[in-house]
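Here come two complexes built around chain A, the first alongside chain B, the second alongside chain C.
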Partner chain A sequence: MNLMIELIRSTFLAAVPILLASLGGTYTYYADIFNIAMEGMLLIGAFAAVLGSYFSGSWLIGLLAGVSGGILAAIIFTLFAVYLKTDEFVTGIALNLFALGATTYLLRQIFSVKGAFTSSDIIALPDWHIPIIDKIPIIGELLSGYPFLLYISFLIAILVEFHIFKTRFGLRLRATGEDDSTVDSVGINSDLIKSKAILLSGALSGLGGVFLSLAYVNMFAENMSNGRGWIALAVIILTRGRPIGLLFMALLFGFFDGLGFALQNTFIPSQFTQMVPYLATLAALYFYSKQKKEKIKEELEDESMAV
Partner chain B sequence: MVEALIEIDSLVKIYPPSTIAVKDFDLKINTGEIHSVIGENGAGKSTLMKMIYGLTERSSGKIKINNRDVKFTSPQQAVKYGIGMVHQEFMLIPSYTVFENIILGVEPTSKLGIIEKKEAEKKIKDLIKQYNFNLKLKSKISEISVAAQQKVEILKLLYRDVDVLILDEPTAVLTPQEIEDLFLRLKKLRYEGRTIIFISHKLDEVLELSDVITVMRKGEKITTLENNNLGKAELAKAMVGRDVIFSIDKTKANLGDVIFSAVNLNYKDANGIQQLEDVSLQINSGEILGVAGVEGNGQYELVRAISGLLDLDYGEIKIKNKNIEDLDILKRRREMAYVTQDRKFMGSAQDLNLMENSIMTHHRLNDELSYYHPVLLSKSASIKFADNLINKFKVISESSKQPISSLSGGNQQRLIVGREFMLSDQFIMLDNPTRGLDVGSIEFIQEEIINKRDKGAAVLLVSADLDELFSLADRLLVMHSGKVVFNTDTARTNKEEIGQYMLGAEMSDSA
Partner chain C sequence: MKKYFSLFILTVIFLLLTVSVSAAPMRVAYIINGALGDQSFYDSGQRGIDQIAEEYDVKTTTIECNFDTAKYQQSLQSAVQWNADVIFIISYGFEDLLKQYADMYPDKIFVNIDTVVKNNQNTITSVDFIEEEGAFMAGVTAAIVTNDLTLEGVNKEKIIGSVGGDKDPVIDAFIFGYKQGAEYIDEEIEVKNIYAGTWTDPVKGKQAANQLYSQGADIIFQIASLTGNGVLEAAAENNKYAIGVDSNQNAMEPGHVVTSDLKNVGDAIYGVYQSIVDGSFEKGKVLEYGIKEGGVGLAIDEYTHDILSEDQINMIQRISDLIAKGEIEVERYE
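Up next is the complex of A and B:
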């Protein structure tokens, strides 16, 4: 029983960084920007959060620093991909490599450590114990006592859905992704819409980084994003950018992440257990494409029946 | 004297270094008139409109609207002054609904930026009713016809309360029935006090629709005429600068044996859509068979299937009793000439020079281009071949060494048509051979097609231009949804009837 609860709790926790990064990437997905820089944005966010929290002694400053870090990375991406019209893929790769190099370098310079930096001066995000529910056995253990950002990120998922499908910005964003010259022709600056989309993706990925280094664990480690930005990309493509779908996919990946951890204590070598989330990504892509093919086939058969 | 709504005073546009697109242009457009601006391709009509609409900056001159000097730097400013434009290429988001496309950019929202549909929907519904647009707000753009999309574009402007509508070649994408429909609507708009600027090069349409006609040639205004008792010939003369013969001299077809036949061609594309369904056709020596149809109804697939660019699911194609459906493209090219619809990408290699473009295909089939060995091409023979082609097909150029991209569209097409016509005398396939060309080149190419026919070639002519089909073809086929739905002698039909078949009218009757 305890093991089950542990697994579910770790599922929720592991899902958050992927969820936040993929929510960010959803904006760029709809703007038709091939944004692979979530990985770098997560990492910079995580590092900046530790930096802010450690030196200020406040988790709030840490949170703001992390988000700013993500936005900073987004500004670089915007400058190159939108205004200088460089290739989005190459820019994204460069940004990811830069993020890894810069955080590793700064880690060693500022904290004089290699690998990972831990300190009791890094103030973690506070947990939220939901009144009443907290006291209920099992349910309380399952639902209460997570870092407060976890609850907020689930709320953000719903807000993003609303933002993209019900608001003026959302309408313009999706139109920009489909045909930016049409958007320009009705007097909207499509470059500005794209920039906003990238900045939002930076802010949300940065927040994902904050969760990673101030909540999921309480430290910074070199390359601690560890492919989560890439998994976020896979999640976006799998769900075709539906934020509510993202929520479930992120939980699924969180589960496999947690499962990988749980299996570490068994006879399976840890190198294999660490593969679990990535194998799950490949498997998901496979089933997704197979399902899509069948759907197209069905639609065609329906059509030919109608004729 | 009524104050002009739009007054243009010695407007000039120079594209650096020295291309004068519009020269000392004066124009007055009055409220409540349909004012057509006509001219050949490249006469500067579009540049003129873009300057009015704020898409292109003027070099000098003045534009006044309601007696106020204006200098728009974006279309939105023009819209604020009540001027809107429907472009040739529609500016619509395919996956959005009619409603979403109309409000995009001027969305009514609450304070939080949430879109409020109610009022906008009512306004649009009222407009649809008022002008009898027959559109549904929830239809997706990608699922409605081109004519309906054009209605959405017009509706977009009406929703923004514009008084002046500029329409750039709006009839190019429409069938005859749809054109009539559009004209009725435009006349209603004028009747209600709106002003319409209609850009076209089709004289019949301009004469039918407009109150005033301004003729442009080479960036200059030739004349502005009231449209009463104007003749097509004088208008054409003003537009082209010389007499134009409208009726192409064509003797009766002198039919010989069957040269080309296709039986039960069937093709399903990668998405499973039946693009060709049991298409059969036959062309005799000395005959031009025209293929009409709204674009995207299988004509393109037909042409590509015959040329070997796509693999049929089944079907038989014969040229002179020889089956070619399993031959590769080069072997087929021994038997046929083929002018593609796409001049820039398939018809020519834009960066290569005239000589290189002239010998394409010939370089594999014509032994005279090599002296020693078929693999080695002779440069001098190639140049001789190209010069001969350039002379024969009156390609205006400086030398066979200039890249083909430096020629005008008309001259490029003359070279391409010439190259193909030198390839085969028996079967010639032409896919929109005169699209987008100047009147002079159209005339020349059409005459060459007739010449080929008179020499005994079988000609397959696919065209989106009904005028062209009616003046050239001896027989007409109409394609709809991948099927041949009508097959007739050109003399026994008219545009209206063809238009109905193009829209699939007969088919929906039986359904």
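Up next is the complex of A and C:
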């Protein structure tokens, strides 16, 4: 396997946790909930997945446990932010800190290890070898043999796009985000819509955690989400929550992550190459905003001409 | 009257306590900036402390700071109040506090582990591990593996790799020694390194390792703490090889982790305590623990024997002995 193929493969793999967490965050973005808890939900999801897989010996139970872990975190968030009306930002911080503390504590209590837990009894998600494509030389290496959750994640991105923009729930969700009192005034419970949005974000972030601990690697390490939830948040703000845009940005981020490593064996200092993914994000933000600005300007000009 | 009586009893108890304290055998405290249970560095130190407690009939205590900077001063203060005579301390991040306390309590023996710390009165003794020597041996092993085409998964290219947690002097010292070891066996060997930029992210470790393997590396030395667990996993998945660090990680991926570069903190602590007991101990010195002193070295066990041949292991052993005898000089990283 040469470096180019490896770079592309790692692009797909590194993109998935960010993609899933950001797809989750999209729901709360449209519901106008400032959700910064994806980081914690990822971590809890990753831990719960290892817990489930280890004790049941089944990756399916592991996957379900991971998703449930994310949902559990989301229930806490919902309870405080929606029903008790606490500050969303503070609740998010609390949840992230709680996730780190709780998983570290439980790791020590349940598995009696600190740092990382590895075991051959943790059953990983199976890889999917696409039947015919798998046999084609380079294309097979590029497209086949990933954990099956990777393919599903890309599918979920399309489904989320559809769910938010083409369904009744999506319309209500976006309306809640625009003005929840109006939604309430027509007899729809906006709190319920918000709760659903948070639960969906928890489930998808939990799934991202499952990908981290049962697919990309097969272990749990303290703080293994390592900022991916925050990157997901940045990606959402960057693309203003368009799922297809998220897919693109997550892939871009995954690519630059790998490229940063590859550039280290050149003349470029490693401190600089570690900045590459973040510089790329800033650059993308710049061009995106510029384009947006020009578009608005054009629209304004069109309007003035119409007048 | 009753009140005075209880006060009297309390005073008596207090006096008895102080007397018993001063009459008690030596007290040894072990202060660590992190926490026990890492199955590596800190735990190794604890084994040394336990050995002291067992063999010398002394009281020992371990104070864990859990990387909480607020606890650093407390830990020193409580060790002093506990009347510790000897304080073994791993003081990353609070070297200045250690200096202050050592200056305030010149009668106590402070032994700083793994870094060199000097206070004004020069009472701190430092135990410094020669990472370069252990890493040299890791380089020797890696070179033997990449040159042995009969090993499963080894390619023709003479490339070996390393994954560091981040760019810092300790990691660069490891890489420096690793390169020397590889070049000692074969000058043509190319060493590729990636700094993962994080110590807690096995996902990134695996990503970095996959990349090195895809560039033709046959074996990777992980020097990245938890990030390195991902390196070991990548070795197994790519059907390649890896070298563990700090503790014996050979069993983590059987058949793929050839050996581990150990740091025997416990042996060093025990050795220093022995020298205190037999009177050869001097305050304010820097004690170097390399291969000769048993401070660093490779973990060669049945997992190594499953991968390497008897001849190869003997060769590794011979080179290690030559370093111990001083016949091979490993250059230090400045």
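FYI, the second predicted complex is superposed on the first by the 258 of 307 C-alpha atoms of A that agree within 3 Å, B and C clash if a C-alpha of one lies under 4 Å from a C-alpha of the other, contacts with A are read in each partner's own complex, and residues count from 1 in each chain.
Methods note: a residue touches a chain if its C-beta (ideal position, glycine included) is under 8 Å from a C-beta of that chain, and two chains touch if they have at least 3 such contacts.
Predicted model, so just to flag it, every value in this text is computed and none were measured.
**Student:** Return first, second, both or neither, reflecting whether A:L79 touches chain B, chain C, both chains, or no partner chain.
**Tutor:** neither
**Student:** In the overlaid three-chain picture, which partner chain does A:I152 touch, first (chain B) or second (chain C), both, or neither?
**Tutor:** neither
**Student:** Should A:M219 be classified as contacting the first partner (chain B), the second (chain C), both, or neither?
**Tutor:** second
**Student:** Taking the superposition as given, does A:A94 touch the first partner, chain B, the second, chain C, both, or neither?
**Tutor:** neither
**Student:** Once the shared chain is lined up, is A:I61 touching chain B (first), chain C (second), both, or neither of them?
**Tutor:** neither
**Student:** With the two structures laid over each other on chain A, which partner does A:N2 touch: chain B (first), chain C (second), both, or neither?
**Tutor:** second
**Student:** Does the superposition put A:D179 against chain B (first), chain C (second), both, or neither?
**Tutor:** first
**Student:** On chain A, which partner's contacts cover more residues, chain B's or chain C's?
**Tutor:** Per-residue touch count on chain A favours C.
**Student:** With both complexes superposed on chain A, which partner does A:A102 reach: first (chain B), second (chain C), both or neither?
**Tutor:** neither
**Student:** Regarding the shared-chain residue A:G258, is it in contact with chain B (first), chain C (second), both, or neither?
**Tutor:** second
**Student:** Residues on chain A in contact with chain B in one complex and with chain C in the other?
**Tutor:** No residue sits in both footprints.
**Student:** Enumerate the contact residues on chain C facing chain A in the complex.
**Tutor:** That would be residues 35-40, 167, 192-198, 200-204, 206-208, 210-211, 213-215, 225-226, 229-230, 233, 252 of chain C.
**Student:** With touch defined as at the start, can you tell me which chain B residues reach chain A in the complex?
**Tutor:** Contact set of chain B toward chain A: 74-76, 79, 87, 91-96, 100, 103-107, 109, 112-115, 156, 271-272.
**Student:** Over in the complex, which chain A residues touch chain C? Could you list them?
**Tutor:** Answer in residue numbers: 1-3, 5-7, 9-10, 13-14, 17, 108, 112-116, 118, 212, 216-219, 221-224, 226, 257-258, 261-262, 264-265, 270-271, 274.
**Student:** Touching residues of chain A toward chain B in the complex: what are they?
**Tutor:** For chain A paired with chain B, touching residues are 166-169, 171-172, 174-175, 178-179, 181-183, 185-188, 296-297, 300, 303-304.
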